[in-house]
Amino acid sequence: MTTVPSAMREAVDAAKARVSALHAELPRWELVVWTAGNVSERVRGVDGHPDLLVIKPSGVAYDDLTPEEIVVCDLDGTLIEGERSPSSDTAAHAYVYAHMPHVGGVVHTHSTYATAWAARGEEIPCVLTMMGDEFGGPIPVGPFAIIGDDSIGRGIVATLEGHRSPAVLMQNHGPFTIGKDAKSAVKAAVLLEEVARTVHISRQLGDPLPIPQDAIDSLYNRYQNVYGQH
Amino acid sequence: MTTVPSAMREAVDAAKARVSALHAELPRWELVVWTAGNVSERVRGVDGHPDLLVIKPSGVAYDDLTPEEIVVCDLDGTLIEGERSPSSDTAAHAYVYAHMPHVGGVVHTHSTYATAWAARGEEIPCVLTMMGDEFGGPIPVGPFAIIGDDSIGRGIVATLEGHRSPAVLMQNHGPFTIGKDAKSAVKAAVLLEEVARTVHISRQLGDPLPIPQDAIDSLYNRYQNVYGQH
Amino acid sequence: MTTVPSAMREAVDAAKARVSALHAELPRWELVVWTAGNVSERVRGVDGHPDLLVIKPSGVAYDDLTPEEIVVCDLDGTLIEGERSPSSDTAAHAYVYAHMPHVGGVVHTHSTYATAWAARGEEIPCVLTMMGDEFGGPIPVGPFAIIGDDSIGRGIVATLEGHRSPAVLMQNHGPFTIGKDAKSAVKAAVLLEEVARTVHISRQLGDPLPIPQDAIDSLYNRYQNVYGQH
Amino acid sequence: MTTVPSAMREAVDAAKARVSALHAELPRWELVVWTAGNVSERVRGVDGHPDLLVIKPSGVAYDDLTPEEIVVCDLDGTLIEGERSPSSDTAAHAYVYAHMPHVGGVVHTHSTYATAWAARGEEIPCVLTMMGDEFGGPIPVGPFAIIGDDSIGRGIVATLEGHRSPAVLMQNHGPFTIGKDAKSAVKAAVLLEEVARTVHISRQLGDPLPIPQDAIDSLYNRYQNVYGQH
């Protein structure tokens, strides 16, 4: 495929608009500095065409981002449409979409507190009811992996497959979050940083109290059944 | 009751406008992320009608909130008016109004530093003159309780009844604050996070000096007699 | 005196405008929450009239403050002009003006990091060249004192008299800063919080390196001779 | 030389506009308070004229800065054009341009976390992939030096010559960053503060995991070859 199929044009343009607007949430919630961080969304294929993804181009300032600048790639990470190069993290996003069919959105940031846990390679324990609601348990750590092959994507998928948490802390690197769509993945990125910060601060002066597993299960099951309503 | 009595219409609409505007104070003072947090206000019944409460609907972004979207419930937490579901914390607010007749406003947040103390189940000691003024002593901790029955509401009331502090740290969860009206409860939420942060930071490098009980009493009594003027 | 002398009208109105505008610097630099904090400026007497001071009224939100709302008091702290009560900290400001003739501006905040040092009753050591420039040494601690008599004002004056620092940390309370005018005192309040934060953070992971006294003297003398130019 | 050569006028004015606009990034990313901090850019000489530099004047508020107020100096730090005095840090900037011909931009701030490391005289270890990308290893510390001779400039050059890092932490003082132009130096200042904060926070609760040297080399080499695209 070298162009966006006409049957997918409308869906691709709508996803570009959503993803462009959602990027504004990253600096707003102080999850990124300069041009770091990126949001992507899957566009499901129709008429036998394979799925595509839309993502931020590389090196563009948040203030300058428009829907027209969002680029389109296939699930190998190859550029299909766009005047600029896709984000250098595109291969990791593409790998997730290719291997986790239920995922519709992916977000990557270097948000400060989540990255601080990631630098120690330490999972965030579930000591807040808000973590039970959204993450259903601790936030897991993924392996050390650097750009150059598919090792980041493989590390994300291996860590999140079969885990309740929509967030993974890639060691020495930073968090990736997933969701049913880009907005859900952005929400997970925002709440992840908040719980990473709160648990960090709590631990600075002692040990946070654990939440019993059955209470975590109860919080998670209730919250997921009223998703989008809190 | 299934609708707002006409004799209470004007008061309900005024409360909706106040509560909608006060929600803007929560992100402004960085007490909430995403759609978390909620403010409510009691509307006192007239002509034999029982009291009502107005509160934020569930899952609405702060930017999108308007007075028309604020919902009305009775003091059992049942929806009386509004197109969206009430906040999932409505039962806790309603329980407080039903059992603490002098309370006119309730605020719930997951503000970072207050929640960090709550995660350790540790009260905040009174080591700032500003705490003496507004809280009259330490900020107490309430029990661990999860959504599903009235245990959160009971925990708030049991902790705050007979206590000077208008704020309680619900264990592993976050703070609730009360006031004579919604604005007073919002003020208490803002000042709570400030003292939670300041005392945390002070304790990181040593032990804050205690304030003698008679000085706390003096600060509290003076401040409460010039309420609204500082 | 019960009114502003006509010979001082123009100077008083100019001071009101300056002080009203300078209050916006307090939330901008995150030195205050809600309605806390206040800025005042001395208006020197002419034609045999005694000096006056202008200050923020009590309990007014920062967004709502206008030059017309700034109140005028004599150096006993008695209200001379204004529809609202003067800030409850007016007596402390007035005492400083009455006893330190070279002081033209006073600022009081509860800025977080400065107040955290104040809660431990611990001076901030001079370990930053920026502290040498602006403060000429460590930031001293003043005594514990509560509102009700002139003990806060006396504590400020006793600590700052003969000291290079334009800032004092009142124990368990918060900082007061002074300057040749209100703008200088606001600048000192902003820089104080910045050095309180930086030295706190530095000390969290070890011991900051001391600066030799002769280097501190050299920084201070150079900076004060090019005042207003940095 | 006492005036800007006409052959350099256009280049000087373009640099003034760029540098004026880039100053807005400093408060935006919370790297400075009040009037602290400065950005400069080299203007390369033509027709046998020596290089010049443009820099912020001393003591001007960020809100008030315009391209017309940016001043021009030669590489001895002598004022060539401008109504105000150049920043008191101009001698340090000029020394860097005079001794590091490949440097086109210099930034100085007192950003909080970077300055906290500088106050301890401790380099920031390379424990984040983002540090490998941008800095290629740890952030080094430069000597203690105070304004008055060329010791600050010499310290910066001696530390950064032959080092991958475009950032140096001047002991007890704060960071200087360099780049091929002013924008690159500002980017380095922003990323420096972010890594200084993240590594600080990570170390508060344990030891961040080191990144193997070959992985750092790989990150650095890839990133520098796709400069401006991330």
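Order of writing sets the labels: A, B, C and D. Residues in every chain begin at 1.
Everything below uses one rule, namely that a residue touches a chain if its C-beta (ideal position, glycine included) is under 8 Å from a C-beta of that chain, and two chains touch if they have at least 3 such contacts.
Computed from a predicted structure; not experimentally measured.
Chemist: Which chains does subunit A share as contact partners with subunit B?
Modeler: Output, common partners of subunit A and subunit B: nil, no chain qualifies.
Chemist: Between subunit D and subunit C, is it the same set of residue numbers doing the touching on each side, over half shared, or a different set?
Modeler: Since fewer than half of the residue numbers are used by both chains, the interface counts as different.
Chemist: Roughly how far is subunit C from subunit D, going centre to centre by Cα mean, in whole Å?
Modeler: 33
Chemist: Can you check how far apart subunit B and subunit D are, centre to centre, with Cα atoms defining each centre and the answer in Å?
Modeler: That gives a centre separation of 46 Å.
Chemist: If a residue has to touch 2 or more other chains to count, which residues of subunit C qualify?
Modeler: 204 - these are the residues of subunit C that touch more than one other chain.
Chemist: Provide the full list of chain pairs in touch.
Modeler: Final set of chain pairs in contact is A-B, A-D, B-C, C-D.
Chemist: Given the complex with subunit C, which residues does subunit B contribute to the contact?
Modeler: Contact set of subunit B toward subunit C: 29, 127-130, 132, 187, 190-191, 193-194, 197-199, 201-202, 204-209, 211, 215, 218-219, 222, 226, 228-230.
Chemist: Over in the complex, which subunit A residues touch subunit D? Could you list them?
Modeler: 33-36, 58-59, 85, 87-88, 110, 112-113, 115-117, 119-122, 144, 146-148, 171-174, 200, 203-204
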